[in-house]
Amino acid sequence: MTAIAPGTLPKSSPRGSAARARLLRGLLPALSLALVLIAIAWLNPRAISYFGFTLMLNLAIPIALATIAQMFVIAGNELDLSIGTFVGFVGCITATWLREAPLLGIVVLLGSIGAYALLGALIHLRNLPSIVVTLGMSFVWQGLAILVLPKPGGKAPDWLLSIMSFKPPYIPFPILAALLIAAVVHFGLMRTSYGVILRGSGGNAAALRRAGWSLLRTKIVLFALTGLFGVLSGMALIGITTSADANIGNGYTLLSIAGVILGGGEFVGGRVSPIGAVIGALTLALAASPLLTFMHIPPDWQVAANGAILIIVLAARVLISRRER
Amino acid sequence: MTSVRTLLEKPWIWSFAGALVVWLATVAFTGGYGAGGMVTAALSLAVFTVIVGVGQMFVITLGPGNVDLSLPANIGLASAVAMKVMGGSDSMIVVGLLAALACGAAIGAINYLLIWALRIPPIIATLSASFIIQSVDISYGRGLQIKPSPGFADFTNRQVLGIPVLAMLTVVFTIGAALALQRMIYGRSVLAIGQNIRAAWLAGVHVGRIRFLTYTLCGALGGIDGALLAGYFRGANVDIGNEYLLASIAVVVIGGTSVAGGKANVPGVWGAGLFLVLLLTMLNTFGVSAGVRLVLTGLIIVGVITAAGGEKAVR
Amino acid sequence: MLKANTDIVRLNGAEKHFGAVRALNGVDFHVGAGECVGLVGHNGAGKSTLMHMVAGTLRPDGGQIAVRGNQEASYSVARALELGIRCVFQELSLCPNLSVAENTRINHPSLAGFGWRRRAADLIRAKLDEIFPDHGISADDIAGDLSIGRRQMVEVARAFTLTREPLHLVILDEPTSSLDAHTAGQLLSFVRRFVEQGGSCILISHVLGEVLQNADRIVVMRDGKVVAADAANAFDRDKLVAAMGGAEGHQKAAAEARKVEAGALRVRARPARQQDDKELVARAGEIIGLAGLAGHGQTDLLLAIFSAASRAKAGIEVTAPVALVAGDRQSDGIFSQWSIAQNIGIRSLARLRSGLLISPQREAELAEFWKQKIGIRTPDMNNNVFSLSGGNQQKALFARALGSDAEIVLMDDPMRGVDIGTKLEVYDLLREEAAKGRTFLWYTTETEELDNCDHVYVFKNGRIVANLGRDELTEEKIIQSSFGDAA
């Protein structure tokens, strides 16, 4: 046994290919985005400009924020089916109380983040399926939104309007905002020492508990972060649309889930990527309407085209992954 | 006493208890007026949730991430297909129903094809499929107010001794579903896959075939549900299935089926279906506004699931 | 040897119940400073329960625990870590989505703030270098991408890393179960060095030789009690086995007497990466061993044969129904929601039907038959499968395969972490079934087990490098082939 030279040990080939596959998977969201951009550039070259991007990516900021919100719960192996109506609720508060009685508005929004934290605690302590709890909460947020703003209307606070219509030099605001969101969340979740604990709680909760960490705390933090980014998403949305409607955010639940998955995230195991999620959200925002308008898709079939794009992007992902093998 | 205790340990008992409490509260409010009629109405409406709920239950039992989000679009399209095939003529009822069944089954099969061929998580696959189905439905059913044949509309609304015929048939169907789940190779395989898909494969379960069957079954149930809904409400429209996305998931889980997969029960789907319908009846009876009704519905769903508690963690 | 009178940890009269099962029945146990205590016993004897108590992950129902002479009233994981007591659990406890360095961070609250990533990477790299000089693991590797052996190496190394918390006692629960002989040797010699420098260790292993050679003192457990405790040199292999009980009647020599007649061809398979014309051939009635270092393509070939049974596959010929006995029980074998009977019946559902429905009676009969035959220790086969100890869970998996219609049984290192009594019982059963004409393909990381095989294929880098008949079968020969240059 002593004569064995280290060099005779098996080479780490399976691990190397696993790492390569992961790298490529990590690049896929960016490739999908590039593909959609190329399609747009080909169909309408004038869209690829400062104003073109500002216009096309207008709604990308709230979508990206909602996707990040969804990503935090997914990192902890949960799912939030209420994020869409929550964004709508925040929108209604933003367009009414936050303008008319800022202090009350701020308190209510902070309270709603607190509600998310409590929900996390409840889900952990009672070992509840988050899908059902958030399904129930989606009714609650929608009901509250209707109570706050029974008819579409209201107006965004002026400071919010001016933030969202900010025109920085050279780089369109939505792109700048997306970069900022991705960088901040990537640092927080992927680089800090507590971010490791948060992701670990999705990877192997039992191991974390044995190492003395509180799983109640990780769940509360993850849900509170979801609430925080949900609030930001709702405010950003109203800053763009200027007025609110109780149903304004309903589509965001599915968009946010699709964004996380397009961005390379997985439903279980704490495998998520903030940068990927933001890219996934941008892809969805671009594919959703600008691309279809340029392609002259009749309104009846726009929804179908959305579905088809989602399928094509994912199919491309599978093809590339397979070739890698 | 022991029989009471075993009853209390059943995961589905809570949904029936909830339905009973809500019913009693409503009856207390009305002073006993319309108590029987309420049950009849609840049975008629619960049927539609139960049928898709059973399909959704089998899908969810396949394990984490398995869910069919295409049910609303499926129901909408199948209802249009069924009505168009029937064309208002009683002689075509069976053909129309078969058409709805086939349409739904095809959608289910396509769902699984997407999941299998593209290896997409089912949530995303069924979601993308539902977008496409929705468009097909919009363009297929454009401008048409499609009516069921008189005989079919009559059949879906018929009652015997205050009990809707559809409800009786659905009870028979759910007994069959319960047997399939617990006592047939198909059900055992679904439960095994839901607990551990790799272990199921290594234990000789035909994983691909069973998953295909399950998605197709769920689609077919959505299809037949669409036809029945169009008959009951005397007309098909694109939005007829909209509420069944949340409802189908809610009845499965309130009924005590585990969203983690591998553990399911059929009676709970009935209990939860009745509970949801009666809850709505109660809030309407109390005369609350739409906003309050939504908030209360949500809080009660959260409350019920909290009271029933999650499963004990496996080790 | 320094017989220090300072105990690191001492338990008096520790008791633990799980429902009606008494896992621990008044156990006195202690570990001194600078001592390596070997802990042996069959699965279900209470070793793991006892260790969970020492590590603070389980609260005793009765008795006291004292650390360095101080009674601990509210003992917990956090308290144990504070006092320098750590545990490497039998179930792997790395987060598969995190890197090796990030997994290290989880066990060290003080690895935070600026530059923590670099400090964590340095810490684990240094410890891996110290214990396993040729480990080939990078601190940036994602744990889930590593082979099971490498994951175990990381986990062991992590337990010995030192930051702010002290380190006095490390519990190693089956630390070599997924390691090959070479790395297991490296680990054990490190443990000796650690103990010589004043650290303490509890070593739990089913490989009795490891315990006899490396422990200073050995504690034997049986049925939730300590039945023997003495200096290691007071024991030998036979004495240990006798103290553990339950397996005295078995004769290892039984294997030698078996005569094999070549039956019909059952499996012919070439590994996907094989370049020459070597192939695996198995006939009816044969027990074929798959040997070599862990993770060199043995499991891959078994899985390829398994899928070839249901769908034709190039290079593999399978002529009879196949069943597989998984080694990684939790991820490949057990259905956690089900009873023992249901876990056994799943492979044989078609035969358990009467009409369209599965007959509960037939299912119960099948379960009862195998409960008797393979000796599954439980009051009721309708209990949840997790009510069984690890070894008995493994027996249920054997019952699943042997109770099926499969003529070919694939075994993927199934004896991982199984006690010796269970092993000897299963070996007998395998020979009995082979005599009836069943074919067994048996991948094992334990060289001793190959004695039960008729001939053995040695694997290296995904290829078959040698085919040894039973008369040429020696440990040296296998090791030679495993490390030698591929032909």
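As written, the chain order gives the labels A, B and C, with residue 1 at the start of each chain.
Note that contacts are C-beta pairs under 8 Å (C-beta built on N, C-alpha and C of every residue); 3 or more make two chains touch, one makes a residue touch a chain.
Because the structure is a prediction, the values reported are computed rather than measured.
K.L.:
Would you kindly say which chain has the C-alpha centre located farthest from the C-alpha centre of chain B?
P.N.:
C
K.L.:
Any chance you could check whether A-B or B-C wins on number of contacting C-beta pairs?
P.N.:
More contacting C-beta pairs are found at A-B.
K.L.:
CA centre of chain A versus CA centre of chain C: separation in Å?
P.N.:
Going by mean C-alpha positions, chain A sits 42 Å from chain C.
K.L.:
If you average the CA atoms of chain A and of chain B, how far apart do the two points sit, in angstrom?
P.N.:
Those two chain centres are 30 Å apart.
K.L.:
As a quick test, compute the distance in whole Å between the mean CA positions of chain B and chain C.
P.N.:
So the centre of chain B lies 45 Å away from the centre of chain C.
K.L.:
In the complex formed with chain C, which residues of chain B make contact?
P.N.:
Of all residues in chain B, those touching chain C are 179, 183-185, 188-189, 191-192, 195-196, 198-200, 202-206, 262-263, 314-315.
K.L.:
Write out the stretch or stretches of chain A touching chain B in their complex.
P.N.:
Touch residues, chain A against chain B: 122, 126-129, 131-133, 135-147, 150, 254, 257-258, 261, 266-268, 300-308, 310-311, 314-315, 318.
K.L.:
Along chain B, where are the residues that touch chain A in the complex?
P.N.:
64-65, 69, 114, 117-121, 123-125, 127-132, 134-136, 138-139, 142, 246, 249-250, 253-254, 258-260, 289-302, 305-306, 309-313
K.L.:
For a test of understanding, state which residues of chain C touch chain B in their complex under the given definition.
P.N.:
306, 310, 323-324, 326, 331-338, 342, 346-347, 349-350, 353, 356-358, 386, 400, 404
K.L.:
Considering the complex alone, what residue numbers of chain A touch chain C?
P.N.:
Listed in rising order, the residues of chain A that touch chain C are 1, 4, 6, 8-12, 14-15, 18-19, 22, 191, 193-194, 196-197, 199-200, 202-204, 206-213, 269-271.
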